[in-house]
């Protein structure tokens, strides 16, 4: 029969009706909708036994205690370790996302020489050659580690220079070195016992020192109280988080912290608020007021408030001597709730040789990415991540946190001495070496990190002092062998020394140090890694909480 | 939605809401189904042709729906409202009684007084044996000439008044010829035989009402002259103008003679297509 | 071309005069372009997700919802005319019944299409039928709109089947005939559904106690916006029909509808608009003095944010409410085509503003005291997809006008024959 | 017996460090998409900086952690969801979001006065290998659905499993602590069972310093705030016009 247009119309109509009435389209709809609920390309979390391990964060010198949740052999979550005596279960916001840094797109996975691809052999050859041609400088961000002593001894042998670059917390303690003859690394702020804390721009609540330490103090003794046990007076040039949360907030002209300190000191002495312990500042009160941009009365009022509730301590955000001198006037040096000596000075020979004269400079991964040595030497830059353009001839990939064996000595500015070990929880990517491992390969005679750590545990054991804080705390005297001690520490235990003997610190300040304006610190926060955890980057971008930092790698 | 679906609660809200919803769905589907159902029934019974015709009739342009009595000059102006089925027309008798107009002038068309003419240009002639012969009238024959193909109904098939009698094609035009009367096909002819169908009518042809709806006698001439006028208007093209201007003799096989004309419309109005 | 023109002519009713095929296609071309752009933009949104739009967590609804609400309100003419003709037996409106159905079908199908793009997981849209939450206004809307779209399609079918070629199939013609006889039932169902979903669309915002600017007290489960939306929709629907019809007459240069039909529509539209404006004013007063105070917000604070503010309120209620209501009912103005149409335009504008205020302004205003007033500009994808709907509408309407009996012939009622 | 988990957030203790945000995102497998902005990102826990509007020395700032308030009465998002993708868990009082049932109509987002709901505008994605760091027990949400804080339901689940393993009915409260609570260095966010009158947190909600955001719209959140500072307490009702976003 002949097919006419009419037939087509009828069939078309019939077909449409038929299909719609049949279950086929609905079944298809159902299946597709279920399919959309798990697209094949949506990542699924790892299955596998969940285990929790304790360790220490190695991204900054504060070495907060880490509780690492692991699934399928990979870290899937970080949290603070409550048993840690200093960090007390807290982490900085960056720390909570740090386990993802292992996978950061900017992770360095191969040796690079002046932007081009290279190999460890070439790097090693170049470094050995450099060593044979002249002295090498080694720059360390977290002094006092086993790795640091590897650096130190290597530099010594090559009569090079070992240079430890300190964060603002430690820098604030350097002026006392001259007056107390105790190296800054053995000093600390006894915040725990202070009643009044005057911070000259130090971001006490925003990345100063060990995050958990001051925030706990503040939360327990100050937060929201009109007359707090712990009075936080924050001197700053523009509103900061710490300022907004402080008990009192003083706004001064940029760079006039020293002037204000002098003014306060003058008032303290003139009004006999303190027994005269030191020289009179050079600045007059009116000069101080004029420089700092607040009235003389305000300075006087501030001085009176400071001594109203003692002990009182002033904390600078740099190595400004005037503020240190203020502490001397306040009698805060060597007294409870002031600047205390937390440990005996160890014989350390920090050479003062200048990096400029070096043939080669090795920068450890513990140094912030921004750090660029003022030298024309060949620069060997160790880092786990590429933080963007920098002046380095060699980029050498190192293990990241949780991948490398590191010991973490006392945190900067801490009043008590601690010692922790971060044991590797996951294998580092192939082709990564830490600076210490690199040097050990070159100088097999030198003691490797493992040996030094063991030696230190042995030392701690022989010292018969202190306690190891883990789930339960054990006095060192109850620990049989160094192996046992090291094992405990490797499992996240923290050794804590005896409380500091404050009186033991003697300080004599002849004349008031020369005025100089405070310089903004080289290291704004303790964070040392070249990149941020992606989630932290997200936090910066998706909230008005924190300002994006230039270091960010997206 | 259903008790067995996760998350279903037997709350008043659910019951009220869903019963309302299903009621609505039910009504809609019921409407659809009943429409389909009735359609099928109509198609099965014979009423389909009538329904279609009535629907088509309403779509005819006004000019093609004038009452036969107006054409015959009995009334001034009247539109048919019975779809050309005078058997149903209540007013028929009254109009038929009125005097018709005088003789129209002679046309070039032959038509016989003993034939009945349908508005769809078929004629019908009663035979002695009670059957009726159906053919295409002269105007239509002139128009179509020799059709390319013809589809005749099967013998014994029933056809309906104004339904399809047979189909023809010419130069790609589908032509559906409407049946002048209902009945059963007893024999089929064709152009050659001068007639197309022999029908045994359903009703008695002797009964005057049976063929009342068909034109006869003088009416036919008036009607044909109107149809010619229409053709003149529709086919007014240079080469045809003279042949029709004076109602002169129609050329044979006009569809071949004047292919450029709008035959779709011409045929539609000739064979009463919507 | 000639043969195409002939073929095209076969599909056009014999008694109708239509422009040449060429001119018709020329007319369609720009709209087809618009439609194509819309399809492309919509495709982008479906394939790459809603990040293609400028909506965000705060502006979770944007241009699309605003325009959906608007065209659904304007499409209300369809059900309301049906209601008047079949339920209230107002035969004089029959001439525009078919065009009303087509306009309604276009509005609703367009809105539903856009909603399909607007949801994040279109493939799961049917979940609403599977796990309906009967407390949600959106469930009501989804159910009603789906059903009503079905109704509109059923009402559209008879018009479609009366096309000159399609009718040649007896089955189609009979089906048309039978369906047409049942259309009153559909009209009744449509009325029921429309009253509900027009209302629920208003309820959508009225129930948001989290948005004090939109939240309204109400009657039983229905906030006052429920009833206001119904009123404004049935008030604007006839006006929109007038505008469409007038536009078609302008474009085709034909006189399609008797003057008194316009006046009748105007009167209906104007009267309802008057009632609406009164109700709306009372509602606004209650909100200003009672509702918002109960929610602990200073109502006038909401009107401090520019560009929205009290001027918008004035425009919505007086300029685009009271004024057209007056113009449409007042004999002197209503009898003048120009006045009538501009009044109708104002009325439609009023409904648009109202839908805009309810959707966009509600989201722009802060709820938390430390929120800010946010603004949002739709992305080109959003605009284009909606342009597509407009293109689709014009094309579908033009086709319907060309090939279907949209405007029943002026001579009496011929739209359908009754048996015997 | 059924619990009513809730929080008291001491705004005086909040230093705005953001630890809770990162901890939350990490725990709940929130992707860190570079293309996301402050208006299109997923921040189930969002700390917002507010100030008393002053610009001089008297300017004070505070930080308000915003998360799902777990509204108890006429929960706005629950009643509006067209397909029951949001429900209040009777046993815990937690407002549960079921992403696999959500069709992404975002009506709940317009309903939430706290802007605590977020839409997945993009496909979730992580840098190569980083998916290994996803926290187990929390499914990744697909594009086109709404999500929000569910008080670390994954942790509740594992706590329940642990309890069941030990043959106990009730979970040990120590086993169920949301990530943000665990992360807060100042203990500003406190979490507890408000149905238990002996729970210190439940008692804290009755302190005169405690308040709820937009309490007057009557959604009765189970997340309380407290502060001694009057200007911060002005947040309690929407009329705190003097409080501006930082």
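All chains are identified by letter, namely A, B, C and D, in their written order; residue positions are counted from 1 within each chain.
Simple rule for what comes next: a contact is a pair of C-beta atoms (placed from the backbone, for glycine too) under 8 Å apart; a residue touches a chain by one contact, two chains touch by 3 or more.
Remember, it's a predicted structure, so these values are computed and weren't measured experimentally.
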* Would you mind naming the chains that touch chain A and likewise touch chain D? => C
* **Chain pair showing more contacts of the two, C-D and B-C** => C-D
* To do: Considering only mean CA positions as chain centres, point out the chain farthest from chain D.
  => B
* To do: Quick one: report the Å distance separating chain B from chain C, using the average Cα coordinate of each chain.
  => 42
* Measure off the straight-line distance from the CA centroid of chain B to the CA centroid of chain D, and report it in whole Å. => 77
* How many Å are there between the centre of chain A and the centre of chain B, using C-alpha atoms for each centre? -> 98
* Structure fact -> Multi-chain touching residues of chain C, meaning two or more other chains, are 121, 124, 127, 130-132, 135, 139, 171
* Structure fact -> chain A residues touching 2+ other chains are 36
* For chain D, what residues touch not just one other chain but two or more? -> 37, 41, 48, 84, 123, 142-144, 245-246
* Structure fact -> So, in the complex, the side of chain D touching chain C is made of residues 35, 37, 39-41, 48, 50, 64, 66, 74, 76, 79-85, 101-107, 109-115, 117-123, 142-146, 213-219, 234-235, 237-241, 243-246
* Given the complex with chain C, which residues does chain A contribute to the contact? -> 5-6, 9-10, 29, 32-33, 36
* Structure fact -> Per the touch rule, the chain C residues reaching chain B in their complex are 6, 9-10, 13-15, 129-132, 134-135, 139-140, 143, 147, 150-151, 154, 162, 164, 167, 170-171, 173-179, 182, 185-186, 189, 192-193, 411, 414, 416-417, 419
* **Residue ranges of chain B touching chain C (in the complex, touch as defined)** => 1, 5-8, 11, 13-14, 16-18, 21, 24-25, 27-28, 31-32, 34-36, 38-39, 42-43, 47-49, 51-52, 54-62, 262, 264-265, 268-269, 273-274
* Spell out the part of chain C that touches chain D in their complex, as residue ranges. => 49-51, 55-61, 118-122, 124-125, 127-128, 130-133, 135-139, 142, 204, 207-212, 215, 294-298, 301, 362-363, 367-372, 374
